[in-house]
Structures are given as structure tokens and as C-alpha cells.
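The block underneath contains the structure these notes are about, expressed in C-alpha cells.
Letters A, B and C name the chains as they come in the text, with residue numbers starting at 1 for each one.
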Amino acid sequence: MRDIAIIGIGMIKFGELWKKSLRDIAVEAALNCMKDAGTDRIDSITIGCMSGGLFNGQEHLASLLPDYLGRHTTPAVRVESACASGGMAVRSAFMEVASGMSDYVLALGVEKMTDVSENIETYTLATTADGDYEAFHGINLPGLYALMAKAHIEKYGTTRNQLAEVAVKNHRNGALNPYSQFPMEITVDTVLRSPMVADPLRLFDCSPITDGAAAVLITTVEEAKKIGKQPLVIISGIGVASDTIALCQRKDILKLEAVELAGQRALKMAGKTINDINFAEVHDSYTIAEIMVIEALGIVKEGQGGVATANGLTSLNGKFPINPSGGLKSKGHPIGATGVAQICEAVLQLRGQAGKRQIKNAKTALTQNMGGSGGSCVIHILEAK
Amino acid sequence: MEVARHWRETPERYRMEAGKCSKCGKIAFPGRMVCPKCGSTEFTKHTLSGKGKLVTYTIIRKAPDGFEDLVPYAVGIIELDDGIKILAQITDCNPEELKTGDRVVAKFRRINEDGKTGMIYYAYKFVPDVGI
Amino acid sequence: MVGIVGYGTQIPRYRIKIEEIAKVWGADAASFKRGLNLNEKSVPYPDEDCATLAVNAARNAMSRAGINPQEIGALYVGSESHPYAVKPTGATVSEALGACPYVHTADFEFACKAGTEAMFVALNLVKSGAVKYAIGIGSDTSQGSPGDALEYSASAGAAAYVMGAENLVAELIDTHCFMTDTPDFWRREHANYPEHGGRFTGEPSYMKHVSGAVNAILEKTKMKPEDFDYMIFHQPNGKFPVQMALKLGFKEPQFRFGLLTPTLGNTYSGSSPLGLAATLDEAKPNQLILLVSYGSGAGSDAFIFKTTERLLKVRDMAPRVRKQLDEHKMYLEYGQYAKFRHKIVKPE
């Protein structure tokens, strides 16, 4: 397997992008990426998009996007793993280059969620759960995370305020991120006064509906050195795992086993432990998700995610910053783009280009992207060389 | 209109029929082709116990299509007396008064419909076990 | 000898008081309560309908009957609120019980006597030897037009009867009926609510057919009102059946267990079948019960049952009617009631 580097990243501002279509935002991110990379060589494209079909009446992105990027003969494939589609697109790009099949692969994540009514948005998100044995019974994705939140509160004594602190921290970071959908600070009170969605989760515990796209250009370390990219950012480990799709069938509904396993696999491949990681971008689709993810990764002990967040462990100048970009909560969660956007943020930090939200001594990063209520997870380890 | 998709689940939804692995005895609900524990593909029919206790629950305030009239309603994970965990609505209750650990029992209920003229979907829900 | 092998009921947990309905329409609650002997009625939750009530009642009946569902040869649901106009409730109930595929069904409608007609047919299929067991169910979630007198009483409930020729809890002694084409109450195919003939629903309708059936069965069996331990009439309110009973020579102790309407409302096809179940819940062995239903349109079915020793053995294998009627009630305001009963107009 060849050594892999990321030589270009491309982001667009996330939000409700009424004037821009699916193909517009995907192409915009791709062009930004190529500009950042300083090359327009693309051998192949991997596309992370959860559901062009349900959100936009558009499948076959593997034809549409190369076409609209002005390269209609370029090979492409869409990769799907619910909300982990973006991370999995990066992994597919990695594999294509590492195997020697291609030298330059663009991993392009995109989701245009606002063209449909709120009901269709909710319905589509619920297809990431068990359609016949969960969604059929009237539960939605916030409801599934609410089940985990309630159990977490009852078992570990996690408080409503601690959950809110996740959102507060991520907004504080997101306010410093020019790509954020919601670049404004909030307070615990803002969270607690927002409408209840599924007890105990309120509107501000939940990531928003977002249009967005992000892209990274993957190549070999050898090629990257040739171009003279400094500092070099490499992907040194990837781990993927799945778990039961239905929450009630998990071994322990309070343990995100897919995250645990993916984390172990990624760290093993990179030859690292969690203590070697300086910061992480994680999948805070809901405040409780971030809490359970940092527990699953071993950043904090079992059940201590809420306490640690409230104590500032995961803040921008804490011992282990989580979601310096603002996370899904403040930056936005255009489903297929999220996993790629996490990688973009990690690269910016590792290059020292993160501006006001720069983490000191950022050398090794972990990005964690997961699908549905935790049924799939992909983790990348990135290092500055 | 998705008639076959729903009709196919009749044994599970109407009678709570599960599959019991002939090799290791693990019960899978819904039934499936491959045992999640031992990988065997031989099963016998096992009807789930209709009684259990509430493991965790939430109260849905923003409902998916078709469930608006029920808001606020409780959905939870129930651990049945035969050890199987199942997700379902808890009905015939004030959702705010539910507690983890409450005993519940399965009832046949109307889940949703495909509009005013389409198919009606029935399945199990759970109610507090008060002997009614 | 044929009769009832098992019986079961299901009543929703929600209620609304007469005062609450009267408040909205500016009516005099006190006089309604007095005039109709009606205090509150049951309200089905949005996840309940004629089919769900029928299934849950039938499962309770099966608990008392103790039979293999595959031995059910026929199952009939009588209702005026079948969930589909075309697609039988009986198929859903049979499937839920595990009686399919070798089971006859088709839905019954005859206003409030659809349930007893289903029971009559079930009994006679067993009697003829055509089937081993047959189930007759009366189940309704009927509606009253907003502000109309019927809104105060139209309620929801179901009673199911497993009929067979062995292990009976009550033997069938005899049956009779009285039916004529009478326009006292009806609902056209696409109408949301029924219409009725006001005072015409009394003497030429309810009174004529109930007394017609009572007189016919008493004459056939050479019995007198005082021979019965219990009697149940169809009970559209708490007044008519009492007036009727007293007029025909029955006394209050005979109908005290079977009169449920004052706190249940009129469960239409479930009405007299539920009254019978409530009576079976209290009766001793070897007691005689007279059941006379009434369905607008119009007709009455009369049955005479005699309880057995086995009734005491199986009675507690399923919830009693009074437990479902009196305990764990949840009261609604009119707005919630209107939402549950789909009386609020929404966009298409």
C-alpha cells in the first residue's frame, strides 16, 4: 500500500443555499479544492452523498458531477453510508490511490437538503434507521438519540446542562469559522429554552438541516513531495466498523461499538494510541452523540463525557479540543459533505491555517464520522509531517 | 403505495413472530436468514412474550408524517420477559408519568395510514400493565 | 348443546364527560344527564379503531376459551365503523389471532345489532356442525355529528364471543328475532355522520322491535320475565333500556350488571354484547340470561343463555368489563376529543 497525502481542500460556506443547486455547490467545492491543491489533475472522483434521490430527485451523481466539473469522461462512484457517506468517500479515494489504481482522486462530499419540505427531510433522515422496525413505529433520528440521552442521564447522572455545554462549546468555535452555517455564540439558556423535539433533546441539541459541499484531493506522499506541499498532511490510519442498524439490538445502547472498533482499527493502522491524538473532529449530530463518541474513543472514561465537556476538557484551549470547526451543530450538517468537511478542518489545523480557531501544536488529528444512530462509523487519523 | 412491503411483515407485526436459531437458540426479532450469534441459517418459529419492562423511552414532540395527532407520544425500548429488546410506542398513558422499569404489555394498535384512502397499517404497541 | 366457550372485551381508557361536550354547544348538561341517564362515555385514542378493539377483545375471549386458533372455522365482526368499506375487518382479526388461512369471514352491518347477528351466525355454524369453533364480535368506534344529541352517547368498545359445542361457560337455550325495514337511523355510503328520525327512533323503532323479539322468544320458550336471573337490552342511553325492561315486566336487579351506558356511552355494535359480558363477569353457574339487541334499520336479536360451572374457572383469565370500564380512566377536554375523533378539518 502506498503512503497517502492530502494536497488540497475545498470548502464552501454551509447554510440554506437557496440560489445554488446540488451540482452548483459540488462543483464550487471541487474548484476551491483544486485551487488550494495547485493542480487540476483528477484521475477519479469518489462522491459522498447520502440521498440525491430523496432530497433532489437525482441519482447517478457519478455521471452528473464529473460532467458539470467539465470532465465528463472521468471515472466516478457514489459512496453511501448514511451520515458517514463523506468519510467513506475519503476512504474510497484513499484505497484507490493506495492500491495504485489512480494517483489523484478527488473525494467530494455534497448534500442539498433544502429543496424538499421539512417532512421529506425528516423522512429521509429516518431512512438511516431501521425502516420497518424503528421508523415505522413513529420514531425519528432525534428520537433515537433521545433514547440514548435518557439512558445516559439515568445511568451516569449526566445533566441536561452538560448536554447543552456541547452545543455552547461548538457554537463558540463555529463563531470563529467563516464556513459556518450558524457562526454565533449561544448560552446554556439558549439550549434549554429551545423547543423540545424528543425528551430530553431540544432543538439546540440537534444539528441543523444544511446545504453544503466539501472536497479533498488525495494523492501519494511521493507526488505531494514533488509538488512541494508544506507541511505535508498524511492519512496514516483509517478504521471502519458497523453495528446493528436497530438501536434496541445493540449489545449496549450506551456504547457506540462501531465507534470503539473503528477507533481501535484506525489507531492500530497508524501505530498510535488515543493519547497521541491532539484534537478531533467528531460527529455531533446531537449533543449526546459527541458525549458518547468521546467515551467510545477512550478520550474520557465510560459515562464521563458530560462532566468532561462541562469541565472544559474538549474546548478549543482544553487538553483535548473536540470540534474546533464548530462541529455539525454550528458549522452545519449537509449529510454527505460532513465527513469530508471534518477532514478539511483537520488539514487546516495541521497546516497551521485555522486562523482564530487554530489549536496550538496541532500535529495529529482524528476525524470521526458516523451514520444514523451509530450503525456505521469511519475514522481517519491525519498527521502533519 | 407500498402494499407488499407492509403485508410481508404481517407475522411480525400482528402476531410478534420471531425466529429461534435451531443451533444456538438465540431469538431474533424480526426473524432473519442468518443467525446474528452463530451464523446458522436454520430457524424455528417463536412467538414473543407480550410482556416486558421499559428500558428507556423518549417523548416525541415533533412527529414524522402521519403521527401528528398523537403528539406528545412515547416511544421506547422494551425488554420482553423472554429477553428480546424491541422498539415500540407506549400508548394509553400520560407519557410524562412513565418511568424506566415500568411493566408494559403488548396490544394490537393502528400505527399509521397511507392517507385517507390508502392502506391502514396495524402492529404492536405497548401499554402500562394495569390488567386492562 | 352449543354456546359460549370464551368471551372477552376491550374498552378504550379515555373518557369525556357530558358536561364537557355540553359546555361547547351551550347545552344544558344537567338535563341531558337526567333525561338520558348518561354521565360520560369512552373515547378511542387515534391508534384505536373497530379492528384493534375487535382484536384485543377477541384475544381476551381466546384466553378464556383456551382453544387453538387454527380450529376457528369462521369469524365475523359486526360494526358500523369498519375501517374499510371494502376489505373485511374479519380478515385482519383472523390474521391477528393466528386463525388463517382456513377460516370463513365477511363483515356484518346492521347498525347496533351487527354484533349480535355475528354471534347468532357463529352459534348456528357450530350447531350445524359446519365448524368446530366460530367467533362473533361486536365492535364500534362510532361517531355522533358535532352538536347533535348522539354526540353525547356515541362511544367505543368491543365484545367477542368464541362459540363452540364443548367446554361452555354459557349454553345457548334458544334464539328469536324481530326485524322490519324501518328508517329510524341510517348513514349513506359517503356521509361522515349518521342521520336519524328524532322521536321516530322511540316507539315505532326501538320499542317495537325489542318488545317484538322479547314477546316472540318468551312465547316460543313458554317463559316469563321473572324466570330470568339477568337481562340485557341494547342500551343507546341509560333510559330507554330501563323503561323498556320495566314495561315488559323485568325488574332492576335483573339488569343491574348489564346496564353499562351511564359511564360507557353507546358502543353501538358492542352495546348489548358488552352488557352480556359484564353480566357473565358476575353471574353464578346455572343462571338464566336474556339478551336482546337492537339495531336501527331495524331489528332485534334475542338469545337465552344458561351459565355453567366452567364460567367460574375461566372468568379471571382475562380482564373483567368493570375493570376496563371503571379503572385507570383518562379524561379529555373537548378539543382533545375533537382531535382524536378527526372532527377538526385539516388540509388534504
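Worth pointing out:
By definition in this document, a residue touches a chain if its C-beta (ideal position, glycine included) is under 8 Å from a C-beta of that chain, and two chains touch if they have at least 3 such contacts.
What you are looking at is a predicted structure, and each value in this text was computed from that prediction instead of being measured.
The interface carrying the most C-beta pairs in contact is the one between chains A-B. Comparing chain C-alpha centroids with the centroid of the full set of protein C-alpha atoms picks out B as the closest. For this pair, chain A with chain B, the centres built from the Cα atoms lie 32 Å apart.
Between chain A and chain C, the centres computed from C-alpha atoms are 59 Å apart. Chain B and chain C have Cα centroids lying 30 Å from one another. Across the assembly, chain C contributes no residue in contact with two or more other chains. Listed for chain B are residues 70, 89, 111, 125, each touching two or more other chains.
Touching of two or more other chains is recorded for no residue of chain A.
Contact residues on chain A toward chain B in their complex (touch as defined above): 119, 122-123, 126, 132-140, 142-143, 146-151, 154, 195-201, 244, 246-249, 253. Remark: chain B residues 5, 9, 30, 36, 55-67, 70, 73, 75-77, 85-89, 100, 111-112, 121, 123, 125 touch chain A in the complex. Partner chain B is touched in their complex by these residues of chain C: 12-13, 45-49, 51-52, 55-56, 59, 83-84, 92, 95-96, 98, 319, 323-324, 327-328, 330, 339-340, 342.
For chain B in complex with chain C, the touching residues are 10, 14-15, 69-70, 89, 91-92, 94, 107-111, 120, 122, 125, 130-132.
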